[in-house]
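Going in written order, the chains are labelled A, B, C and D, and every chain counts its residues from 1.
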Amino acid sequence: MSDSDEPVRAEEKTTGRVEAFSDGVFAIAITLLILDLRAPIAPPGTVPGAAQQILLHQLAAMWPNVVAYLMSFAVILVMWVNHHRIFTVVRRTDHAFLFWNGLLLMLVCIVPFPTELLAKYFLTPAAKVAAAVYAGHGLLIAIAFTIVWRYATRSDRLLVPGRKAEVTKLTEQYRFGPLMYLVAFALAFVSAWASIGLCLLFAIFFSLQGFTQRGQG
Amino acid sequence: MSDSDEPVRAEEKTTGRVEAFSDGVFAIAITLLILDLRAPIAPPGTVPGAAQQILLHQLAAMWPNVVAYLMSFAVILVMWVNHHRIFTVVRRTDHAFLFWNGLLLMLVCIVPFPTELLAKYFLTPAAKVAAAVYAGHGLLIAIAFTIVWRYATRSDRLLVPGRKAEVTKLTEQYRFGPLMYLVAFALAFVSAWASIGLCLLFAIFFSLQGFTQRGQG
Amino acid sequence: MSDSDEPVRAEEKTTGRVEAFSDGVFAIAITLLILDLRAPIAPPGTVPGAAQQILLHQLAAMWPNVVAYLMSFAVILVMWVNHHRIFTVVRRTDHAFLFWNGLLLMLVCIVPFPTELLAKYFLTPAAKVAAAVYAGHGLLIAIAFTIVWRYATRSDRLLVPGRKAEVTKLTEQYRFGPLMYLVAFALAFVSAWASIGLCLLFAIFFSLQGFTQRGQG
Amino acid sequence: MSDSDEPVRAEEKTTGRVEAFSDGVFAIAITLLILDLRAPIAPPGTVPGAAQQILLHQLAAMWPNVVAYLMSFAVILVMWVNHHRIFTVVRRTDHAFLFWNGLLLMLVCIVPFPTELLAKYFLTPAAKVAAAVYAGHGLLIAIAFTIVWRYATRSDRLLVPGRKAEVTKLTEQYRFGPLMYLVAFALAFVSAWASIGLCLLFAIFFSLQGFTQRGQG
């Protein structure tokens, strides 16, 4: 976006706005499935005991929506934390970076869809299709994260100086991401349980990365 | 997220982004129930007097949606103000803090659901179920606020220096939160009115805390 | 929120977050009615001429939704610009200010509802009801703006120093707001056209205020 | 918004808030069509093979929604990047600028609507109507971008000093925007394919502008 002889102020402003826009998109993506948690419309009834039973059953029947919301929120939170970590070492952006970041955001916003699909079909005979869509989407996200990170670290131009150790660690972390999700995607054709179990393990793996970092701080 | 020998600039940037992301999520949560305030579709009619009566009745029938919106907005506003107060004394975050804050946001976004449930069922024989869900969710939020606050204040590492008095006051405020909502939850099995009355008292209590603070400024 | 001996940095941070949260809420409110602009589902047909006619008619029938979106966007934009102007002279907030600002935001988010009501009923025999709801809501917004402004200017504690001229001008502008909308509300019981015409005049009046200011810059 | 003898701090704050508000609106607009990607409700079935086939067919039938989301996201991303570029050379705003920027945002939020229309009608006999609406809306956006840019560059008052080269380049870029989309709009009455093909070429053209800039950095 800017010549290398730009003053420091302009650089910070640029990064700030990419992050603000990304935060807005993440905030919308992470809350999307809450739109499905609506108060059920129960026949009012006149006997308290029976009316309570009906409402409880209707609330219990909402479990796929609740699971989808919690899982989608947790997974997108892990992605946001990782996006946040990337930007702690990125001090400026350029034109192409804005588009690679945009590609990542485009995929992040889709997360609620395969998650809802999974919640609704995981216990049905069509579970493998839902698992393949879920793991396949995870693969696309892993590739997008890798591209954003590789582009940011191609040279020192976009990076905060003096953070080599953290950059190396993140590079290692992202190295195997696409391969991991490729395995989960292939597994979906064999077993939905194995594929999704692996995806959840990966999410835990990526959420734990920041802790090892802090331990060395 | 950051070594303790980080320069000041990087720390502020980190906190800023957590707050911006949280603000985005709060803004979505607080406006969620406005989606239910839609213009009713009245049969047009030809006589002005009758057409006006029909529209007025349809508007009046929307009261549970209006009450749910106002109550949800007010309660989430109190939560946002408290979140805001916490961050006035937090100067930096670490990896775990991002997740505890995320857990809190996940629960905040759910607020419109039990509120809508309450507005629709409080005057029905199933009121106790709605009250138990509402107070139970309040309990989870109180626990999450307590965790976020306890984690931030475990050591001085994440805190703005020289704000001891305010930190102590907030610690006292959050100490009894979970217990208070546990009582309200238990009461729901006895009386929906008592349980929800207590929840509203707590919301007023938490919204008043900031005033006592200002009085000492 | 903060003792008067707080360093400057903390004050700015506080104002920044209130504005960021307000901006998020304004952004949601201003885009709300775009959710009603959906592609119509036309019978595909096989003859191009007929299929095009059908689609054109369906698009034309969406005019109340288009008018409601444009009007709601324009009116909330004027409110955002005024909110923005207030915060150019407010340098810090306190606990009560957060709640008065929250009350204003709560009312701003409702704007799409009376606007949609107006677009759908203004040309029907129930026009007066829609106009009364619209002007009545405008009255509430005018009162909330007045309260926020009065509270901010009660003393110099919350204000940016050295902006007396601008503060005085804004005080004059807000002085007659509630009275103006009270007249529009009363007029709704006589004539929907007169009431809404007056409301639009007021919106233009409030959007022009900033220009007179600039002329003196 | 501010006298020319304002201190630097106040100016930056003003620009920051316009950008934050714009980012919020862009974030909502860019994610709007994701609301249409919902898990299909398939008859569960009992035979895995058949259940999987049904779900796959239902997912495949969602292609117009997927195309509309991807296309709308990509086009609004290009607009955001251009909005971002404009603000890298704008250091302050005034009252009229806020409204011109608001007009642009109002049109950006509409983008999902003609895009969805196009995805649903491009392969039907009513394609020309959808293409005309799409290109016509593109024309309005191009005009709004031109107005915002012309207004910002009328004098040096709103611009960051010392960025003449970039300002000249952006002026050249925006010069032919409205004319280009006018051609695409006229073409829609002849051929939907030619019109939309041209619109996509323009989007690519505007997304490539930033690269030529970087090449000279």
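As a working rule, contacts are C-beta pairs under 8 Å (C-beta built on N, C-alpha and C of every residue); 3 or more make two chains touch, one makes a residue touch a chain.
Just so it is clear, the structure is predicted and the values come from calculations on it, not from any experiment.
Ranking every chain by how far its Cα centroid lies from the centroid of chain B, the top place goes to D.
Taken over every residue number at the interface, the positions common to chain A and chain B amount to under half, indicating a different-residue contact.
One inter-chain figure worth recording: chain A and chain C are separated by 34 Å, centre to centre, where each centre is the mean of the chain's CA atoms. A separation of 24 Å divides the Cα centre of chain B from that of chain C. Counting only residues that touch two or more partner chains, chain B has 20, 24, 27-28, 35. Interface of chain A with chain B (complex): residues 19-20, 23-24, 26-28, 30-31, 34-35, 37-39, 41-42, 44-48, 50-52, 54-56, 59, 69-70, 73-74, 77, 80-81, 84-85, 87-88, 160, 207, 210-211, 213-214, 217. Residues 1-4, 10, 13-14, 17-18, 20-21, 24-25, 27-29, 32, 35, 94-96, 98-99, 102, 105-106, 109-110, 112-113, 116-117, 119-121, 124-126, 128-130, 133 of chain C are the ones touching chain B in the complex.
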